[in-house]
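Each of the two complexes below includes subunit A, the first together with subunit B, the second together with subunit C.
So, the complex of A and B:
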């Protein structure tokens, strides 16, 4: 298996140095090695903390082992360093433990000791000596990016703190006037408790010695002395503070690699995101009796829409979408009813948006409740809070009232999903809506322009039209990018034929509100490239504009960069993973819509609930048991619920051609008429538009691509997905007896190939 | 008259007020059809001679008062919890007015 990164020698050497420097006791280990276990046990008994990494579980493990040999001439594990001194393997370390050498290394005589913690012993009298105070001051300055020595009553101190808060710059301050004889507990953001008994005055003296400034506030940023209130406000304004806090890439030091001592975590697993993936993963983890916490929080849309537990699928995705799709199908059946003998249904046909929304929202809210109860009954702690990373194992939680708290997790799964994108034009967030708003919209959308050609755009346009609203679709270039394009264009043909207007090469430029209201009157300005190549600027008036131009992962407010995780800016800001594990940090994982996963087929975003669920469950099994079953992202069946549904498994024709070559594949296809439509006059124009094709690898006869455009394509495709998973051949399909009369049976009787040039129209029964 | 409860404190207050009287607490949700259907029935009972002096009727929206719902482990709506002296003596799950009436009659 090739390494995930092109880790070159130098960066491996740096990585090894980092581990040695940042841990008093560092063990390079392998998970199956009995000597490694032996020495770890011995250290645990001696109550000596250590950090170990398992080289067999790391992609760059081999390279690290090579580097260690280079450095120490030792090629075995465990390879142990104490306070940056190479000790050796298990035997040598046991010996050093026994002889007291380990103890001496860990606790050198007083003069050599660098202060980490300040102990009570140093300062237990009123006359705490100057050195101790100076050390204390240094400690504050070193351990806080922005350090303010302050006094509680001082207005300039308050002024500069307010300014920093508005600039969203975190700081730490101590109030010198409040420091006295009584024990004051100061908990730094990321560090350990400090107890001390010192006079504020003496701190102030130490500051005078250091900076020649005798007033408060006395402010340090990244260990640089800035000055008082005025100087700091100036530095804020000039951008100097920003530069100090965010130095150029090359100067960034990696944060400390944290100790993996089990006792120090609040939870075995924290899952960020209570959607399809997050909930499945957390519940599966509970079956291994782990302590699990799920965080879920919905940031409202620009117009204020919000929803409960369950994620996108339940609240603003699959569930309401399918129900609205069904609403529109029922409208079609009412048209069909005439030819089946029903009278008067068609004339009386009316659709109430608010009634549909009420029914759907009631169901969704019952699901939100059900999920909360489910988590509780399975013993998962649920926090309705927004989580942000403070350090690789620590999260800050903010609830809807603004209250915060911190929790730590040994393993963390990011399952934050995604949200719809806005086009970044004037008026887009103010007057436009997205699918996040549509499914609970409190007023009838009326005449709607859908901007986009994604499956979300086409599905929404489809059901809006089906329930009787006038719909126009603005398409920038092609329909359903990433999907089989022949099928995409057939969907477009069907939708146009039933009355939806597509406008190609049309890009919105500005959204204006002509009249407020529910719905109001909007004017969408656009730029259109005509066939001649000319560019035309014009506008279209409507009641609602729905933007469905794509989605982005919700990763930009998690502080991922703070912990060294990079997101893929070119791919929806998704987190890069391999087998759902972060390629940057080994105890951080991610699943679902927010990941850019290496083992997924390229170019095919699999932002689907069942994918997230399966990945989440398998991941939990791998994290907490010795399961090695990986997620298989190939042959995932999908369905687009446009007015005529489209189901697909495996390769699109374009991908099959490019991967296998024209000579190696055969495509079998057929048009067909759904029996139920054959007697309906209102379906005359679209009757023959149902279609299916199988893409076959000539060399093996295996079916590598399955495509069906038909009513109920979702149900049809699910059944055939089992066959595809088992490696069905074209012969298997042919030898499977069809059920008559159905649409699904057409896949068992395909004989016409594309290469023959013969017509694919169906003949007789 | 059915009083609405939104917090555990309010509920405890009602318990002390009611002393030894039977307290019937209706846990409902605004999105729950059966809850909406049985509500007027209970409203009616609260004014009837049979009940108005010896039974206290309360109701609680599980979304608005999450901690009360959590305290009594409500998993389905409607759930009627019957109390005497602040302690649960019976509970009825589901919108069956017959079962509820029977439970009330038995415990009052």
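So, the complex of A and C:
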């Protein structure tokens, strides 16, 4: 007789109960279900074993699903139970994983466990025993720099001991399987009273109480719990063992205060900041299969501008800047076109700000998307949250909606970059904008005053002028502080010649809004020091004021003080590092614009994307493998994308003179005319302004400074950077055959020196 | 959430362009490109068959409220492999492989194995 419906249901119910009882982690799943796959992947990552059955592949699958609904009111898969407790579906289980609830369910803490052991035994004598064992364990840990609780037959214990011997690190170990009353170690004589009570098992219990680790080998170094074989090998590799045994000066000071380390961490690496440096470092770390999290959050500008993943370069730096520079160059080519035979292009020429912004922003958004997908496909966890330190290794994350959570990282890299400064005058944040706003500005900026003489100021002024907007530049003292000043003044000459107005010694004092609008009408009040020495106060009216007076690192709101790091205004709030590691905290690293790095050449800080990227990648390699390759901050090529571009590698003339002395250097230079400009009437006044120079160390003939002012200087300089890296001499440059006709070839034919006093004007074709 | 959105089934390039023209400007349009199905409902494209159920599940739960989901067939194998295929030649779309999920009017797209990952799809659906 076929079983009745009731009997059927009962047997299904029993089957479900059996699955739930017999498996610590039970997943009722379906083979094609993506959420089932997601939660299984997450559990595998967390090294949590589970059992799952695929209901779509079972005859009774439907009935089981019905029974689950009866039991839990949940009709979907995955349906998950842990230690017989119903957790829920994918989201609820992920939540439980993250909050630690899963761990707690699978490994109930001490108090619960003690409770379990103590049945009918006399509590008093058990307590005394446990106390004695705990004391014994402490004695071992304190008296030995490297202490291994081991078992003689355990292969992992053997493995880690061999590794330590190879590394010539002395250790002390006791074999818990051989401990008991018949043990005859020398130390037995000393601790015989305690020993009489102690057995290997009890010591192992004491270790479990202390470290929540129930396996051997259980290893302590300088009283810090390291873990088992794998963790100790890892610590050996990463240099942590060496550091613990031989702490450098600053760490010794730090140790007196408090033991920073935690027993376990959510992540091997947390990177704060998803810009050029942060993304490169995090992805590189993944190639060592570390658990990595990247935090990225953009605090909106005073007028509300924000942007997506990728940092300054992608969103409000290099990328949109270069595209707008290109927009202005195209405008210039249109002027050139007449002499090349094109007709009417010039008359028809007009520029739409909104169309340019639309094209550029669409591209930037595609990059934001690409980076999100890239992080995901490389297995980097991404949190769109603002991170702040709560205590060593621990960060509080706050998302867009204000929701918070905490995460811990064994190593943390700060890559928060910087943001533009405001001058701290009335109306600055209310009515003024910075580069953060300019590249997505929803309205034509119109007549613009650029305040500042940084490369940002000059590049922005340059392309705004190039696309046809009236531009004035307010300079406090000199152009491009930190750069070669001869080159800086040539840039200034070029820009004034093509129509931009520079006002020197002019400092803004107040920004007033005359009329609201997009753009509105603004009045910028200023104080000007005249040539006579008098001070004049006046104002200039315009549509837009762009502040580009410098940038500061975004370290102020990280709560760095909670981990013992101070930053101050004197160096732009940057974090002091040596080889990208904090000089105060060994587990804290930093890369990119936010660092004050000891191994960088003094003077001009290298706030550049490629620098941050390479530093980040090399750092990840050093953190997670036995690489020792350090970042080389010397001979980093740079280019300023002003209307006439300026490329440089190595020393400025001022720095070379001060370091080597006038007698030890020779400077070769030449003006030249870019062939493409030679037939263009509209370039008449500027065509001889291209210029290049090489600074040579007389004693070695090595070229120590490379400078070129020319169209396409960026492309030119990149190629020569390879030569500089390989230590090229002036003779190497001379023996390199040029490509004709180019601007770049001029670097191969320099013969006139500054010291000769001869004219640097170009000869020949 | 997603329940109130119609799913649209499109079978040709021209039909796709016409339908999209008529959609309100404030909507975000997501188009899933796959190989044509036979009368049994199976496509000549194996990957497309495998992805269908999981993808529909994910889209059903993650599609934003202002999102429209369109399933568009690129035709039979021969039409798709032809370099003159209109989906390949469209200057904005430039479709190169199927199955693909694309946000129309942007360069954002996911293909093949990426489509099995709900987190990836979430990235595509996220508002800028």
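In the analysis below, the second predicted complex is superposed on the first by the 501 of 765 C-alpha atoms of A that agree within 3 Å, B and C clash if a C-alpha of one lies under 4 Å from a C-alpha of the other, contacts with A are read in each partner's own complex, and residues count from 1 in each chain.
Following the convention adopted for this analysis, a contact is a pair of C-beta atoms (placed from the backbone, for glycine too) under 8 Å apart; a residue touches a chain by one contact, two chains touch by 3 or more.
Source: prediction; values computed, not measured.
When the two complexes are overlaid on their common chain A, residue A:369 makes contact with subunit B and with subunit C alike.
Judged by the touch definition given at the top, the superposed model places A:699 against neither subunit B nor subunit C. In the superposition on chain A, A:350 contacts neither subunit B nor subunit C. Contact with subunit C, but none with subunit B, is seen for A:33 once the two complexes are overlaid on the shared chain.
In the superposed model, A:166 makes contact with neither subunit B nor subunit C.
If you count the residues of subunit A touched by subunit B and by subunit C, you find the higher number for C. On subunit A, the surface touched by subunit B in one complex and the surface touched by subunit C in the other have residues 362, 365-366, 369, 373, 376-377 in common. Every residue of subunit C that touches subunit A in the complex is listed here, in rising order: 53-54, 57-58, 106-108, 110, 114, 116-120, 123-124, 126, 128. Those residues of subunit A whose C-beta lies close enough to touch subunit B in the complex are 361-363, 365-366, 369, 373, 376-377.
Those residues of subunit B whose C-beta lies close enough to touch subunit A in the complex are 29-33, 62-63, 70, 75. Note for the complex: subunit A touches subunit C at residues 32-35, 37-38, 308, 362, 365-366, 368-369, 372-373, 376-377.
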